[in-house]
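Next up: the structures, one after another.
Two complexes follow with chain A in common, the first pairing it with chain B and the second with chain C.
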Partner chain A sequence: MAHYDAIIIGGGHNGLVSAAVLAKAGRKVLVLERRHVLGGAAVTEEIYPGFKYSVCSYVVSLLRPEIIRELQLPRFGLEILPLDCSFLPLPDGRSLARWGDAERTRAEVSKFSARDAERASQFGHAMVRMGQLVRPILKMVPPSPGSMNPSQLLDLLQLGRRFQGLGPEGLALATKMMTMSAADFLDEWFESEALKAPMSVSGIIGTFQGVRSPGTAYVLLHHYMGEIDGAYRSWGFAKGGTGAISNAIADSARHFGAEIRTEAPIGRVRIEGGKATGVILENGDEIAANVVVSGVDPHRTFLGLVGEEHLDPDLVKRIRRFKMRGSSGKVNLALDRAPSFTCRPGDGPHIRGDIAIAPSIDYLERAYDQAKYGEFSTRPYLNVVIPSLTDPSVAPPGKHVMSCFVQYAPYRIKEGPEHWPEKREAFGDTVVDTLEEYIPDIRDIILHRQVLSPWDLEQEFGLTEGNIFHGELSLEQLFFLRPTADWSRYRTPVRHLWMCGSGTHPGGGIMGAPGWLAAREMLRAGGV
Partner chain B sequence: MSRHSPFHERTAALCTSYRWKEWAGYHAVCSYDTSVEREYFAFRHAAGLLDASPLIKYDVRGPDAAAYLSRLSVRRIDKLAVGRVVYCCWVDDRGHVIDDGTIARLDEDAYRVTTGEPELWWLEQNRRGYDVSVEETTHRYGVLALQGPSSGAILSAVTGTDLTGLRYFGLTSARLADRDVLVSRTGYTGDLGYEVWVEAEHALPVWDTLMTEGRAYGIVPAGLDALDVTRIEAGYLLLGIDYKSAPRCLIDAQKSSPYEIGLGWMVQLDREPFIGQAALRAEKERGSEWALVGLDVSWTALEALYERHGLPPSLATHAWRTAAPLYDGKRQIGQATSGTWSPTLKRNLALATVRRGYDRVGTRIEIETTVEYRRHTIPATVVDRPFFDPERRRS
Partner chain C sequence: MSEKVIVIGGGHNGLTAAATLARHGRSVVLLEKRSGLGGLAAPFEIADGYRVPGLLHDTDRFRPAVARALELHQHGLQWRETPRTELGLSAKGRGVLLSSNREAMAQELQQHSPSDVQPYHRLMTFLDSIRHIVEDLFDSPPPAPAKRELGEAIKMLKKGWAFRRLGAETMIEVLRIAPMCIADWLNEHFESAHLKALLASPALLGTWMGPWSAGSTTTWLLDELTRGRAVAGGPAALVDSLRRCAEAAGVEIRTGCPVRHLQLENGRVRGVELESGETIETASVLATTDAQTTFLELIRPADLGVEFAERIANVRSRGLVAKVHLALSGPLENTTRPGSFERMRTGEHVDDLERAFDAVKYRQISERPILDVWVPSLEDSSLAPKGHHVVSILAQFAPYDLEGGWTDAARVTLGDRVVDTLAEYAPGLKKRIVARQVLSPADLEGELGLTGGHLYHGEHALDQLAFLRPVFDCAHYRTPIEGLIVGGSSCHPGGGLTGVPGWLAAKAL
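On to the complex of A and B.
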């Protein structure tokens, strides 16, 4: 029987990063992926002939540049194209486009508020400063707060110093960021809804909270930590769709010697004498390894692949409490031609970036209200992109793909999550209805539609409760609390079983950092 | 006063940034937009359309053209087949580089030479004894560089001929917008790309057709700033920046041989006499003092340096060409002459000239950099050129 140094469960982008790092360090690595394609939530699939959908995730900002360099991803086809515009169409015919060019943005924002137009750049500066504070955390294995280990103490000390270095003003801002709601926090800076509403949504993406829920301000920061160009930049498309990122990482892993198998679902982690010794596939095959590394979410890892019988009941309780609560869905459209918005007709750079359907804070909060009581929003927040306008390789010439991220679509609808399949198309209709208010002829140009509810995300992609980040990115679930206080350093109570997915620090998004940090920690700790 | 390119009417209307510069006596667009990003990414992901009309062009004709060009060039031209192009450089008697450019064989006895600086004086000076005519044709043609992964598909669509079969450095005639054009598979971006040559009076319809038909393939008009980033990623030299033209140098130390600027590979010594042959042979035997290398400037070190100042790392979005000294400890061992942050590779790249002994891949040296008005040095490593070399460039 084959024996590996490490078996990675799941070919999501984090699992693949771990595999590549371990293989590069000379380890014998096997990745086992349940689906027929690699990438997990970072995947491109040609669901409708000629049209390549980024089925789940659709934009990238946080992918760590050191990963891109060390794994030589450009050599394996990775190319990221920046988005230059955030566009907000409004139902009353007005619209706001925010650009990379600060002066151009100022001119646009002053149509709504001259004061806000000037504040916007100051806000940007403040966020960059805060980002500077938090950014090193993304690169570090979380120290345990109670640890007496000298190197961990040093890490904590350095973090403390950074906060001190902020001065009173900076500290006040940091404290506000960590406690306030996104809407309140933005209220302190801006007056116009057209600015606040689309900005506030970054605080709620992937969480089951509203823009007026306390604690959501912190997540705004993540938008200022994107690192497309080594400097602080925002979002971009991967050429060929987000699956191209996973494929580049997979090719890099293979180049360094990793073996990757698809359609190889794992049933259990093999545990002998309290130690992980390999995996048992669903078909019964057993494969042995020195360490097993789980790239799937903490629920699935502990409650599914390990099994409660191997775990301390207290940990089981904490894992159950780790908030998954999926709140979003996805609608992918194949279009016969580029859409034209009533408020700013025709093609143009404004539709080449991301487009937000988020006309006001009230609109967003109302969308959340429905979700609280187990319904999908009848007028949801949409984040729309048309990558084919920038990357012609994802659609036939002149045709387009449109990706709509939709929130809220609660996993626990009142009829029960298993009833999602009956509601799926109605949910899809809602999204098209919403779009129609801005693009009147949208129905005429749709050639194909793919609707994914949180239930589908769970069934098809193995995301528990459809949570896009393997667990909400709320403060109580981040850093040394992710996924739980005792097990935030990629280790688990089962010896030789590690975690490397988005459910570990620093969390979800196409970042690769969990996979990267986990693999390096394993190599440091030895035993692999 | 600079002149207008035959595409000026179109490029001027699109250049909303008003960012222009002078190129060989022409007005040329730096970037159409205030930011260079969209144009750069068009070159790498779709197709960028660059007005390259200012490229200096000479048509060389006559029964002795092949022999004449061979005598002038460091590589053989007499073997060049009709419909082929070569990249080449020219040196003086002492083996110092005068210029670099391309030579295309249009016909049995007709060649087109492109250069970075006006070199008619030199072409004329060496013409004695050869039955050739040399004529500058710069103003007679409009040239469009269409570069990027979808360039082949666009050109095939507009010419109605499958141009994807045209080999790297191949040349063919075609019909575009009902006009006769020449299409060469050449460029300065290190990507799949073509140059379209058209008589000046037919320039506008060619531009219009490319722009209209190219839309579905993501065509974007692009300027020189975006080109500069791509040419550094591709490791291509720029005359006047990465090396100097010998007859335009004030002191000998500013001159370089082909070996010293990474063009030694093209020198063909063992053949009929050519200008500079003896000097180049002697240098080849002796070994060169200098070498041109690619540098990867440590991003981690740069980030740490900014961090020490409490700043996030920041870099210009366009390429730089203000030379920076290079050190081995305290000893200055050369200079980086141009560089850029590579948005594709996420690496901080530079082209540099270093003393002999520092040119091996993997050699670590230090480069000077300034943060908050203070001078520092950070590590850089000699790496292979081209930095970025997608298969589609040649395949």
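On to the complex of A and C.
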């Protein structure tokens, strides 16, 4: 029987990063992916002939530069095409385009508010300062405040000193950032809705919170911390779609000697004498390994692959209360031609970035209120990209793909999540109706429509409750509390079983940091 | 030494501060704008012959440490010995009778939802284990985490050590729940929807949050863990004892005496100019007005740093609680349970609270407001003519910035919604209403000088508490203006009838 140093469960981008790091360190590694394609939620698929959808995740910014460097990803085909514009069409015919170039943005913003245009750069500086505070945290294995371990205590002390070093004003700003709502936080800086609304949405993406919910200002920062080649705040597409990122990481892993199998669904982690000794596939095959590393979410890892019988009931309780609560869906469209917005007709650089349907704070909050009571938003927040304008390789000549991230689509609709399949097309219609208010002929140019509800994200991609981040990014589920206080350092109560997915610190997004930190911690601790 | 101190504001914090200073030998003049003392704790007339003993309901958060320090029992303060009870009104069924007596509470739950009895005991045990930490934070000035001083570092380490001594599990649990929303946290414990709604309600007073808002667990803990015995006679009796104490210590109290502004010279306090034109010279002023009133109204803009002024302007104090007072020709009967209840509350599901809150986000009055109902005339029959009663209602939510403004029609709408909601549980109510008084947040601002009509002088929120209340550079009662101390509910530990901000500010002086 084959024997590996490590088996990675799940060929998502974090699992692949872990595999590559371990393989590079000379370990014999096997990655097992349930689906026929690699990448998990970071995949490109040709659902409709000639059109390559970035089915789930669609933009990248958080991917850690050290991972790109160490795993030599450009050599394996990774190419990021930066997005230069964030475009906000408004129903009243106005619009706001924010550009990479600060002067150009200032001119656009000043159409709405001269004061806001002046303050934008001040705000940017404050965010960069906060980003610098948080960035080292993304690189560390979370120390537990309850630990008596000297190295963890030292980490805590250093963290404390870092906050103290901010001085009173910086500390006040950091606290505001961590605890305020995105809307309140932005209110302190800006007056114009056209600026605040599209900015505030970074605070809610992937969470079951509204822009007026306390705690969302932090997630705003999470989205500000993105960097491509060291430049703050830049977002980009991967050439060839998001799956190209996963493929580059996979090729890097293979290059370093990892073995990767697709269509290899796992039934259970094999546990003998309280230790993980390998995996049992759904077809009954058993594969032995010194360690098993789970890249799937905490619910699925503990309650599915391990099984409650191997766990302390208290841990089971903690995992059950770890909030998943998927809140978003995805609609991918194949278009006959490029769309034209009423407020700024025709082609142009403004539609080559991301396009936000987020006309006001109240609009966004109303969308959330519906979700709270178990309905999808009749006028949702949309984040739209048309990657084929920048990367023609993903659609036939002259045709386009349009990717719409849609929020809110609560997993727990009031009829029950299993009723999502009956609602799926109505949900898709809502998205098209919303788009139609800005692109009147959108219906005429749609060749194909793929609708993914949170239920579909769970069924198809194994994301529990359709949560795109493997668990909400709320304060009580971050850092040393992710996924639970005792097991936030990639270890689990089952010896030789580790975690490396987005359900661990520092969380979701195409960041690669959980996979990276987990693999390095395993190597450091002599776990593998 | 008998340097004169001017205390601005004769609310319970102003009285506490004045009494504390005077007992320390200072010569104190207290200036109150209104004709009577007490602010939110002062009796309020509804109609001829009918009054309520205070705009805020709860006196059980007044800190025993303050009462002891001022020896208020010698000035008439008496604690109520009976446990606090509150009936959760239910349209069908017996509702839930909350009680501060744990045995009574356990018995009630045994009837109402037996599976919640054990979780209730577990929760109480948990609260007991952390109570001393919260009380200590509450009764002392906030920590100054960014200050690089040995003394401060030692204080922080002491507090940190006390926190660690809770044990890793409890400590981490506190860190975990603090940023959570109260709905989620209560869901982890209890099954009964009605019980959860009743327990969640107090988390929202003084905030701008619904039960699904993150951080409401912290405001809940602050409220719950600082409750003790109530003052016999309610807020008015508390104010009386504070006044007597202040007078006995020699405080000169001047009511009907609004301050126009502070006179400064080179960034130092030099005197106080009254609306009457009179000027009082002094080098020390302790202001218990809210932060925005103190800095943005009583001080000329030119005397304030631009950045500081902006920080103060950014303090969130969006009032969203209205007061509705009813004078009744008979008792307030309810269909939930036989008998008369001094305290009652509506809201049978956490979502009822959340829906009520949703409205204010869009600058609307809740369709079905959540009511905290008090019938003070059951304890003190002198508040109404014989056989008659008064009802004081804190109604949530009604936004200060109501769309269209607070017109008379808007007040009527608010009053009708409150009465209609209460009448669902008290069918005979409407026939008995002799007089009705509606105080919107705008009215509270006008009447009491509360910025935004906010009852707590600024919202309780994680970024507006402790060393950030009201803003970081005057969170320790001293302000950038030499000689000016702040000590109202705008300061740590915040709003409610606690007496602590005034007491700690006086001690800081």
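As a convention for this text, the second predicted complex is superposed on the first by the 525 of 528 C-alpha atoms of A that agree within 3 Å, B and C clash if a C-alpha of one lies under 4 Å from a C-alpha of the other, contacts with A are read in each partner's own complex, and residues count from 1 in each chain.
As a convention for this text, a contact is a pair of C-beta atoms (placed from the backbone, for glycine too) under 8 Å apart; a residue touches a chain by one contact, two chains touch by 3 or more.
Note that the coordinates shown come from a computational prediction; the quantities given were computed from them, not determined experimentally.
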Clash or fit (per the criteria above) of chain B with chain C on chain A: fit
Chain B versus chain C as contact partner of A:476, first or second or both or neither: second
First, second, both or neither for A:180, with chain B first and chain C second: second
Chain A as apex of chain B and chain C, Cα-centre angle in degrees (nearest 10): 130
Partner chain in contact with A:2 - chain B first, chain C second, else both or neither: neither
Touching partner for A:68 - first (chain B), second (chain C), both, neither: first
Contacts of A:79 with chain B and chain C, given as first, second, both or neither: first
First (chain B), second (chain C), both or neither touched by A:391: first
CA minimum distance (chain B, chain C), superposed complexes, angstrom: 17
Residues of chain A contacting chain B in one complex and chain C in the other: none
Chain A to chain B touching residues, read off their complex: 65-66, 68-69, 74, 79-82, 84, 100-101, 103-104, 128, 131-132, 135, 165, 228-232, 239, 349, 389-393, 397-398
Residues of chain C defined as touching chain A within the complex: 144-148, 167-169, 171-172, 175-180, 184, 188, 209, 212-215, 314, 316, 351, 354, 358, 361-362, 461-463, 468, 471-473
Residues of chain A defined as touching chain C within the complex: 144-147, 163-164, 166-172, 175-176, 178-180, 184, 188, 209, 212-215, 321, 323, 362, 365-366, 369, 372-373, 474-476, 480-481, 485
Residues of chain B that touch chain A when the two form their complex: 33-35, 37-38, 41, 44-46, 149-150, 153, 215-218, 299-300, 303, 310-315, 317, 341, 343-348, 388
